[in-house]
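Order of writing sets the labels: A, B, C, D and E. Residues in every chain begin at 1.
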Amino acid sequence: MKESVVSAKKPIKTVIGPIHPALKEPIKFIFEIDGEKVIKVDLAPGHNHRGLEWMATRRNAVQTLYVSERICGICSISHSIAYCRAIEQAADIEVPVRADYLRTIFAEMERIHSHLLWAGVAALELGFDTLFYKAWEVREDLMDLLEYLTGNRVNYGVLQIGGVRRDITPDQHARINKSLLNYTILFDELYDMFLEDTVLRMRCRDTGVLTPEDALKLCTVGPVIRASGIATDVRQDFPYCAYGDLDIKAITPEALAGEVHGDVFDRIIVRLLEVKQSIEIIQQSMKKMPIGPLTNFPKLMVLLNHIKQAEGEGIGRHEAPRGEVFHYIRLAANQESPLVWKVKASTYSNAMSWVKMLEGEQIADIPIIVASVDPCISCTDRVAMVDKGRTSIFTQDDLRRLSRKKTERIRQGLK
Amino acid sequence: MFRLPMVPRVLKQLFNKPATNPFPARHLPKSITRFLEKVAAGKAELVLPLEVPEGFRGKIGYNPEGCTACSLCARVCPANAIEVNREEKTVTVYAGHCIQCGQCTEVCPKNNLFMTKEFLTATTDRYSEEMVLT
Amino acid sequence: MSISKALNKSLWVYHVNTGSCNGCDIEIVAAITPRYDPERFGIKLVGTPRHADVILVTGPVTNKMKDKLLRVYHQTPDPKLVMVIGACGVSGGPFYESYTLSGPVDDVVPVDVYVPGCPPRPESIIFGVVTALKKLEEIQKK
Amino acid sequence: MTEIFLKLIIGVVSMTALGIVGGFIIQGVDRKLAALMQARIGPLLRQPWWDFLKLMRKENVVPEHAVPWVYNAAPIMAFASVITIFLYLPFAGFNPLMEGYGDLILIMYLLAMPALAMVFGGFASGSPYATIGAQREMVTMIGYELPLGAIVISFAWKMAQSGLAHPFSLKTIAANPIWNLVGPFGIIGFILLLLAMIVVTPAELSKGPFDAPEAKSELAEGLLVEYSGRNLAMFYLALGAKMIAMLGLTVALFFPYTISQYFQVDTTVKIVIEVLFYIIKIFLVMFVSVTLMRVSMARFRITQIVEIYWKLGGTMTFLGLFLIMLDGKL
Amino acid sequence: MNDNILTPEQVVEQFQQCLGDGLQASRIVKRSEGLKSAESIQIWLTIDKTKIKIAVQQLCDIQYPHLSVISGCDMGEGIELLYHFFIYYGVARGEYSVTIRTTLPKTDLIIDTITDLIPGALTSEREKQEFFGLQVLNIPDSRRMFLPDDFPEGVYPWRKDETGIKEEMVKKLHEVGKAEGAQRRAKNK
């Protein structure tokens, strides 16, 4: 009886987010729903704006480097690589070759951990806790390795403008090689668990399809566009760091299945194959890495003065785990902070493709489709700033006072 | 064909050792306060968290001796966690503000700032004695 | 049996992201994986504030999320605890000045336990829960 | 008449206690086993008890848009109907308390009651998530009632065909283990029915992979999204007790065997052995049909759930019924 | 899409042909990184703001471009918009970066939309509208994207003039509770 009311002509509006268990980050979707089917999707981002680009114009380049690392905790290396490359181009700073290789190694490790993280979260969205635990067990091992090499599990802080801060010493090689070997084995197991599971395939095949034409038109990047069959990858097309030496090939689902659906399952395939590729890249770079200095600016204050004097503009790109990140920086002479810093994160480009993927799908598929893009809202939302009108500030203060009072009361009650 | 590769794996795991590191105790002790007291007295054993590697960036440490308040650290600090006291020739480091990038420890000419391996820093007052280093 | 004694044994956690960089959120998720497994303490991540006893807040509280955080705080039935995870929720961290932020968290809702770190390790988060339990026990004793 | 009332009062009291305690134990075991399978240490066995205690002491919030009396009555209704099932279920070789007053059909209806109560509660809470969850619960019910009904009919048909009186009575079924009545075709048929029963169980109990109505990552706990405190605790109780009821039904239908007759001991020991044996049976069935299912599979979409029950479940049960009938003709 | 791949000089030449005087300046930057010293090619074009659509159309004729983002900079008397395009993607080392720069004077902050050619530009254009206070003509969806609806009108965060962020709007998070904290510490001593 109730059902017929709902599936009558007028679709109901449902808001998902900004706080929702499926979304680890705040973003709001407004859905128009008919029964279980999604009719219309609207996106309201902006809950995560911290105004980073504006902050950068009040700080010096080194301070901003660490802010760039914290644009997103998962792509922490990606954004700082792009930021460093942009500022290096703008201030004409040379990077030693060894530093380029080290950046490559750290970036690829981050890709492995990010893809495994994504695989786990995707399993969680599908209600498959065991697979989530399994994927994160493998990832946890990698986090140990990253902590061993960089000193932190998430925000590595290894990059510096003009080079890197930490070296990989020869006695660390053994540990890395051992772990990499371990991953190849574990990877095969994960591969089996993800791609051979019938239930998983039932859920992901032909769900959230994005055609190559739409993918191009909506400017999507990274695994999303590759899963739609377009072999574009910044590492391959526009080589930087050490990628020019390593012959990278963009991965499309054709490599495995011989056909492209552009659905969620294809995105799983692309990401899993990229994990394998990253392991190979790290192994190659470890072999090819030359001996040399880590940075041409060992004194930080010299670097800061150099940037202060410099004038120019630069763009930095990096193929982050979720796709291309793009930084544009313009420096003005005799000014510590950059004139402008523009950040484009991968999800910023991919956000529009959600609308196309979600329309006509079921409610149950919303989380996995949203997750299939591997959204990183903190990346996307880093820009804008929010301010409340005066009147509402008062009411909020009232609210806060009330809530404080209530807590006090409870604490009294507890005693 | 209907395939569930997870089934044999979970059945096997049922008889394997769990991957959990039981920090700080296997299950919740009856009273945390008493448990911690017992640990301090050496009567109970605290399961330690996994070892942190060499070069881990934990809570920041500060040694005021010989500090010249040159303010290099405050200039590079991305979190504004360092305040320079020019008259006393010291700095005040707010560990709650610190984002553990370790940049200040690298620029400090006298190595007065350093990263410790401590990371169990949860507190009920973010401006308590332990959280503000002078 | 007093109310909070039962609370100690079964803390259900609800996670709110108020504009953090994801680092802490990922570490919170990492903290529920087998290596750390807080379910052995009866801690479990729930999907709605109505079921929660502890609210984990990450991030420096953007203006847009401020109302939502307050709403979650009010939706959570009493008694409840608030834990802040990460430097930016504790004090703003690298986002120490901005006009899009209205944090830190204790300027918006009362906070019981702070877990600093950028991000804190999962063990550190578990230790944060232990600190919260200690605080609860102290309140119960009084 | 007084005897029945006396029986009823004692029965209700003891069965309520049994349902509560058993529900806690079985949920604890389920959680512990799932944790072990996922390479975790997992909670203590008494964790559900702590959860319940805590929930009972928490604030009970009635949301603004809710219909208070339906909202508050739903959990009680769910729990009460589960307890009623116990009165008609045979336990550990004992006959059902209310034998002669209700049969398999009644149990089928009673099993639907907690789910219906949750649906009412979901609609009454006025949250869109709960509304979607309630719709899904109803769709799921429509889905699994078909194979469940087919199973019940198969049993009754076989009983009637074997010339037994009261073919729908659980007492009859429990007294005459079904495997003894049929030939090889029938055994294959009943194995199919058992498989169907195993697939129906998780949906009946709102456990994964058929937990679409409560999907945490989709609907923020779905039906229960607005429930808190005492009401939520009642639902947990009801779900725990329902788990026992459902597993008890499976055991009563498919494995009604007793073993005490093989031991030369006195009656009290026999009862203990019987109860232990029954518990083992229940846990085994639970392990296969609840724990293993939920840790080793991803959640199905709601349309897939219906498809599975109607196509796969329907085919399986009707094939089973056909084989049983074929067996009777040979 | 043309099968023959143009050199960067030819790309600039094509723009010269179709834009005429509209192409105010052009610059080709070649930078290399890593051991093999593979060169990556960046083309920077400065064009008149009325010609933006023709320029993008020209780019589409060469190959349907990938638009990374539209960035901008407040230069005092005008706002500079930079359209960061990439062509010849999907080929190893083959990609060119094409950045189209155009200046809008502050007296006339209007520019044509390019969403009819590249639908994915919508996010970027909406963002520029709210952050620079410019007007994009014929934009299919002109709602605010990142800023909330109650953000004060006439304040544009990325502007450096009087319409930019005022100092009193800035909240200093690191100062909150500092003084009280110091008092508490002093008391405990």
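What we mean here is this: a contact is a pair of C-beta atoms (placed from the backbone, for glycine too) under 8 Å apart; a residue touches a chain by one contact, two chains touch by 3 or more.
Everything numeric in this text was worked out from a predicted model, so none of it was measured.
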item: Contact-graph separation of subunit A and subunit C, given in steps at minimum; value: 1
item: Shortest chain-hopping distance from subunit B out to subunit E; value: 1
item: Chain pair with the higher count of C-beta pairs in contact (C-D, B-D); value: C-D
item: Maximum centroid distance from subunit E, chain identifier (CA atoms); value: D
item: Geometric centre: closest chain by C-alpha means; value: A
item: Whole-Å separation of chain centres (CA-atom averages), subunit B against subunit C; value: 17
item: Subunit C-subunit E separation of Cα centroids, rounded to whole Å; value: 38
item: Distance between the centres, which are taken as Cα means, of subunit B and subunit A, whole angstrom; value: 26
item: Whole-Å gap between the CA centroids of subunit A and subunit D; value: 44
item: Junction residues of subunit A, two or more chains touched; value: 21, 46, 49, 51, 54, 63, 66-67, 70, 130-131, 133, 137, 152, 155, 197, 199, 381, 384-388
item: Multi-chain contact sites of subunit B, meaning residues that touch two or more partners; value: 4, 6, 10, 18-20, 22, 26-27, 50, 78-81, 94, 97, 99-101, 125-126
item: For subunit D, residues that touch 2 or more chains besides their own; value: 35, 37-42, 44, 216-217, 220-221, 295-297
item: All touching chain pairs, where touch follows the definition stated at the start; value: A-B, A-C, A-D, A-E, B-C, B-D, B-E, C-D, C-E
item: Complex contacts: residues of subunit B adjacent to subunit E; value: 79-81, 94, 97, 125-129, 132
item: Residues of subunit E touching subunit A in the complex; value: 31-38, 40, 42, 64, 66-69, 71-74, 82, 84, 86, 88-95, 97, 99, 118-123, 127, 130-131, 144-148, 150-152, 155, 157-158, 165, 169
item: Subunit D - residues contacting subunit C, complex; value: 31, 35, 38-44, 47, 50-51, 53-54, 56-61, 216-217, 220-221, 224-229, 232
item: Of all residues in subunit C, those that touch subunit D in their complex; value: 1, 3, 6-7, 9-10, 12, 34, 37, 39-40, 42, 46-48, 50-51, 53, 75, 77-79
item: In the complex with subunit B, residue positions of subunit E that touch it; value: 174, 177-178, 180-182, 184-185, 188
